[in-house]
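Taking it in order: structure first as structure tokens, then the write-up.
Every chain is named by a letter (A, B, C and D) in the order it is written, and numbering of its residues begins at 1.
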Amino acid sequence: MEIIKPAVQFLAVMLLSPLLLGVINRVKAFFAGRRGQPLMQLYFELFKLFQKTPVYSRTTTWVFRAGPVIGVSAMVTALAILPFAGRPSFLAFDGDFIFLIYLLGLARFATVLAALDTGSAFEGMGASREMQFAVFSEPAFFLGLAALARATGQSSLAGMFGVLTGDLWRTAAPVLALLTASFFIVLLAENSRVPADDPNTHLELTMIHEVMVLDHSGPELAYILYGAALKLWFFGSLIACMVLPRHSGSWASDSGLFLLAMFVVAAAVGVTESVLARLRLTKVPYMLITAFAFSALALIFQVGR
Amino acid sequence: MHTFAELIIVFIILLDLALAVTGGLSSCIKLVALQGVVAGLLPLLAGSGAPHPRAVVFALVIITLKGVVFPSLLARARDRSGARKDVEPLISYPASIMLCLGAFIASSWMGSRLPLPETNIAWIVPASLATIFTGFLLITTRSKAITQVLGYLVIENGIYIFGLALFVEQPMMVELAILLDVFVAVFVMGIAIFHISREFDHIDTAELSELNDWRRGEYGK
Amino acid sequence: MIITLMLLPLAAGILSFLIRDDNTRRTLLLWTARGHFLLTAVIIYTTLALGFVFIGEPPAVVWFDYDALGLLFIGITSLLFLGASHYAVTYLALEKRDPGEDADDGSIFNNAPEAVFTGCLLLFLAAMTAVTASRHMGLLWASVEATTLLSAPLIYFHRHKRSLEATWKYLLICSVGIALALMGNLFLGAAGLKTGSGLDLGSLLAHAAILDKPLLKAAFLFLFVGYGTKMGLSPFHTWLPDAHSEAPAVVSALLSGALLNCAFLGILRVNAVCAAAGLADFTGGILILFGMFSLITAALFILGQRDYKRLLAYSSIEHMGILALGVGLGGGAVFAALLGALSHSLTKAGLFFTSGVVLACEKTKRITDVRGLWRRAPRTAVLWLGGFFLITGMPPSGIFLAKFLILKEAMAQKHYWLAGVFLFFLAMLFAGMAKVFISMTFGEREAKPGEKPFAEPAGMLVPAAIFFACVIFLGLFMPAWLSGLIQNATGNI
Amino acid sequence: MALVLLSFVILLLSALLALCLNRNTHRAQDAGAYGAVSASIAGLIPAVKVLLSGTSETLSLPWPVPLGSFSLTLDPLSAFFLIPVFVLTGLSAVYGVDYLKGYSGRKPLGLAWASFNVLTAAMMLVFTAANAVLFMLGWELMAAASFLLVLFEHEKPQSRRAAFIYLAAGGTGALMLLAVFALLGANSSALDFSSFAAPTRAAASAVFLLALCGFGLKAGFIPLHVWLPEAHPAAPSHVSAVMSGVMIKTGIYGLIRILGYLRPWEAWWGWTLLVLGAVSCLVGVLFALAQHDLKRVLAYSSIENIGIILLALGLGIIGVTHSAYPLAALAFAGALLHVFNHSLFKGLLFMGAGAVLHGAGTAEFEALGGLSKRMPRTALLFLAGAAAACALPPFNGFAGEFLIYLGAFRGLNSSAPVALAGVLAGLSLASAGAVAAAAFTRAGGCTFLGEPRTPRAAGAHEAGGLMLFSMYALASLCLAAGLLSPLLLVPLSRAVGAGFGGIYGAGSGQEAAAPLIYISAGALLLLAMVALAFAKRRSLFPVARAASEVPTWDCGYAAPTPRMQYGASSFAQPLTDFFQPVLRKIGQYPVLSEYFPGKASFSAEAQAVFYNSFYTPAASRIRDLAYRFSWLQHGRLQIYIMYIVVSLMGLLLWKL
């Protein structure tokens, strides 16, 4: 197999993923009628943070330092497996998405432990909530993938998105639409976007993901932010692959379209964030259960067909 | 000859009824003794022709035991225990009569189911069964320890009627062993009663129910 | 030889009434037991070596002789008595030292004279020997009655109200039962009247085919109820818990381990006659019915039990039920029943021995008052717990094998419901006993005021230990001669 | 086979020796530990040989016991179950030496070691016996030995209670197994496994149900699990490791064995197993989330993992009955692989919990915290084990679950029932995995991270060298088994072939090979990434000064006290509240009425739902019945004799 194309794809992902957040913020700013931060804001922040000296709490131990490292490397590994524009990356095998889900789990595990290591009430709170939402989002995500696998008759992501063509959309539109919706909700929750969470509030009591990383600083914080961007790319690309069934032969055009789709998804996230209000904390599980219901419905349709 | 035997049978049954209704302790003892004597006479009349000499000896032993020894033993036990004079039945006398009659009916039915081979006396089986059940009646519906021994003796009488009517030609050895056992049984029971009367102020067996597993009032909650 | 076997304890018993000195009497007891055991061993050995003469074909009328079944039971009895005698010597010495303040209400009582105790013990052995040896139903009956009368004074060793009550109930209930058995014997004779075989076992078996069926049935019913009373099958078992709980431990052990077997032997004898007469189904049904009923009764009463000696007594009822069940099922289960009889006798005797030590240590029979035996009397606790595991059929033990075989037979005969009920109540029994034994053995108990540390009497523990070892050994390795003996014994049923 | 016998003999002799040396603690410890370790080494050799060669060894000696024959069989399945036994018991023995030192003088250590070695020997017997009597012998010895170990601290009432529940459950299960063997061997003279005949359909289903209950009472899936969360915490930790790591697997092993004699299988068996497994893994892990004691959490997590194994078995049986072979092969392989993996990481976790008990004197979350400063190695190892238990790559827990997932997804594309089964299985796995992550982050966090909540925790000390050695060994095994899972495939397929039939063995081999290789590649990539990120986190853009230490930025609190940090109850509250209908936890919530509320306290306590709301009422019902019947023995002589008369009358009237 050739190594060049996957390498290029991977490099693109690594470089472009921070841009998605920029897009989201610009869209939100546009809706709010502000100028908003520059598109490259996250790049600047990462650059700055990498140069800063980390500050550690006396309470913390190696767990605190290990968290971000493991988190980001899990995400990078995940993206090395995730197909790009429906084409396999470095690794593509039967059941690769299971591996991906558990890589996300590993990242979450490390982050939560790191948060608990600070012994702070707020970060514990955030950790607890993160875990709570994961319990609801993972089954929904899993069920969606199961439905997709049933629809496409494949058991590897590349395979699924490979056979996910326009006429499949024509025959199984409701199923795929439901799945897309479900994945989108999961994306919002997993990436702590409104309405599940508000990334740029500053009232710790209401935060989930952000509050877990209160004590991180310097390169560790940079890792965390970068990891979050990669995670957004991860879910975004799933949706992009879903809604972009067309596969012209040429790699270049497909990739271009795919990147475009990614930014469309990011814009969609931005729009959602601007038009929706943040849900009450106790309501978030119901949102995720809705996603679960969508996936289940899709699966039932699919088995029924 | 057999008419005599059958008369005796009838007499024994009547004695059963009498036991079922008698209230006095001493008269009970006398009745049981009488029944034993009569039963002891039975084999002499059962066999056809002149009674076998061995049977005669045997009958004599029986009569002395049941007619003389046991009653005196029991009488002594009663006097020692200074028990009140009546048997203190747990159920009324009419009820006892009813039960007794019921026992007769049941036993006659069983007798009809169990025809004895080559015996020439009618009513042997029913009479013995009836006597046995009367004995049980005495044991279960009378409250005194002595009456229970009496019941045991009545049961023995019942069995005895049956046995003697059957085995005139059995080896002596066995009967003697059996007899010895009965004798010792009564003897030991007498001793026991003596001890009971010493330990407990009287021999009403209601006292003798301390050993039980009844978890009264610990259930249904 | 057999006569000597019976005369030896008889003579010794009578003698011991005359002996004044305690120690000589105890030595007499010991040596009689040893001699008896030795003789038994010799008889068993010779019979096994020569092969069984009197299986099947009728001999001339013999009153005393051993077939395989009798040998098995005399073996059990003699072995048990050997252990019991050794136990009793230590026990009597202990009793002499502190004459009883009563276990439950603390009232002072004095024991029966030791001469009476020892004498009755020995005569009791003689009577049981006669039971196992007799080939004549009348003699069998007489000896069984004799065992009752001779064991009554043993139960009344501690002379206080409750033991008297127990003795009285034992005496009366068993006598009544035995009276019924006598009636049964007469019916048996009547059934065999035209064959002229009287009550001789051999000829009864030989002419079984032409016995009068209805009378035979009646005979079986009377004998079953009669000997069943003695054997402790529910609902005739009522005397058993009282007697076992009030008698001294050694007596309870003998009652449970030897006496019940003797009564069982009586049932087996008449069962053999009925089976030979083709009434196997009739008897089997009754045996199964009452066996299960005993099992259920035992289970229910063990759950609500407050007194650990009564608990053991109910466990004996359970095992008698299992034996009856096995014989009723027939086939391979008969072997199981006999194996179970052997193992149960040894295990239960050991448990009763241990219970005696527990009583001596804790001065109470109430389960709830015994805690942390482990601390005060470790060896006793080990035996107590081990006995529990063995009696509930934890392998390796003969009891386990017996239960397994019976279950297998039931399944093979497609008695699925029977097997189900059997298992359910076994589980109930196991749980009930487990609770008791755990709570008694483990945990802590603060020492009572003025309580001195308890010195465990080795003489009372060693017999139990040896019995348990035998049972475990049975479960691990069954010597060929023994299985042969039991196999032959099944031929006598 | 000779070596198996040898290790058997070593175990029994060393047990005896330890018992004799009970007085001298050190000697007893040495006797027990050396015996266990050498026996494990001796036993590992033949087990590995059989797995690699694939040829099973048998031994048959004459054994004069009715129904019995001393016949042992070491086929790949037995060997596959035996290897964890040897690994775990050997390491636990090493661990135990340090762990039990503290008890010397207060406890009969000789007895403890004797029972430990007997337990090991009994497990060997169970896994190799080829005769019902022999099997039951091993089974009950196992129960008895572990019962004694559960009572190690018998002065505590809860451990006595635990022991009773354990014993009762074990006894009931054993009786059911007797029924199973009696049914299977009803027509065979000696109950050798080889002589078992496949019974008729109805009987087969009966056997299946009996075996399910009988073995289930040992395996401890819901609702037969009640003894497990009581007994595991009560036992000494190295024993809990063995009990939870391998002993409960004897139930799985027995079930597989018995299933082998019940072909052809019914679909509804598979569904039963699947549903039971799903319920156990979900409910079990939820209970784990609600516990407040480290060892109880681990015990409930064992229930979850047993559920996963059961679920895989059910999935496989459904696959077989619908002839969906790749699904079946993968599911069976996943089940067995998870058996192996679970024994490794659960052993590690229990040892970690033991180290906590040993170092801090308690395993209550509310009394712990901040141990990773005081016992860093234990913390590292425990968290590694926790990651493995959450099936996170690169640890070994993932491989087994992955195979099950893969099977489920293969099933998706076949007929509707199989697809449904697959979805059910995968879904419960996913949900259980998510909750497990919550439970284990909670456990690890509240124990090792943050500030110590009590002086006890503050004064905790690191575990001894031998304890650490065992934990390191297990942790590295976990990692190795995760990274090198393809290497396990050969023995695994052998075991599957021996347990379920050759085609499944081969099938699992070829189906699972490629994905597993990719998995390990991914795992290696992950490790590489971690190393890279760790190396680069400073040197990507070199920074001037070294890191500085400050108090936790607690949004302005200068000095956050330990009491401010999030407690275990609070951490779990959102989820446990959501699942309150299942958990039925008892808790007091503060009610804030006035504007300036005073002291408020919150506590939530999980209760043993099944025990309290099913078993206890049933037991008391039965006891009540027994008490009612106790009237029969009321002590009145007359009525006693009446019983005799009445039954005699009845018999005469009925039978004549």
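Operating definition for what follows: contacts are C-beta pairs under 8 Å (C-beta built on N, C-alpha and C of every residue); 3 or more make two chains touch, one makes a residue touch a chain.
The model shown is predicted, which means the values in this text are computed figures rather than measured ones.
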item: Result of counting contacting C-beta pairs for B-D and C-D, higher pair; value: C-D
item: Farthest-lying chain, centroid of Cα atoms versus that of chain D; value: B
item: Centre-most chain, if every chain is reduced to its averaged C-alpha atoms; value: D
item: Centre distance in Å when chain A and chain B are each reduced to the mean of their C-alpha atoms; value: 99
item: Rounded Å distance between chain A and chain C, as computed from the means of their C-alpha atoms; value: 78
item: Approximate Å spacing (C-alpha centroids) for the pair chain C, chain D; value: 44
item: Centre-of-Cα separation between chain D and chain B, whole angstrom; value: 68
item: Sites on chain A at which at least two other chains make contact; value: none
item: Residues of chain C touching at least two other chains; value: 168-169, 172, 176, 214, 218, 241, 301, 304
item: Chain B: positions in contact with at least two other chains; value: 110, 113-114, 136, 139, 148, 205, 208-211, 213, 215, 218
item: Chains that touch, pairwise; value: A-D, B-C, B-D, C-D
item: Residue numbers on chain C that touch chain D, as the complex places them; value: 168-169, 172-173, 176-177, 180, 214, 217-218, 221-222, 224-225, 229, 235-236, 238-239, 241, 282, 286, 297, 299-301, 303-304, 335-336, 339, 372, 374, 389, 392, 394-396, 400-401, 403-405, 407-408, 410-412, 416, 419, 423, 426-428, 430-431, 434-435, 438-439, 442-444, 475-480, 483
item: Chain A partner contacts - residues on chain D that touch it in the complex; value: 369-370, 372-373, 376, 379-380, 383, 387, 390-393, 398, 402, 405-406, 409-410, 412-413, 416, 419-420, 422-423, 426-427, 430-431, 433-435, 437-438, 440-442, 444-446, 448-451, 514-515, 518-519, 521-522, 525-526, 529-530, 532-534, 537-538, 540-541, 543-555, 560, 562, 564-566, 570-575, 578
item: Parts of chain A lying in touch with chain D, wherever the complex brings them together; value: 47, 50-63, 68-70, 72-74, 76-77, 80-81, 90-91, 93-96, 98-99, 101-103, 105-106, 108-109, 112-113, 116-125, 127-129, 131-132, 134-135, 138-139, 142-143, 146, 149-150, 153, 155, 204, 214-215, 218-220, 223, 285, 299, 303
item: In the complex, chain D residues that touch chain B; value: 624, 627-628, 630-631, 633-639, 641-642, 645, 649, 652-653, 656
item: Residue ranges of chain B touching chain C (in the complex, touch as defined); value: 110, 113-118, 128, 132, 136, 139, 145, 148, 152, 155-156, 158-159, 162-163, 166-167, 170-171, 174, 177-178, 180-181, 184-185, 188-189, 192, 195-196, 199-200, 205, 208-211, 213, 215, 218
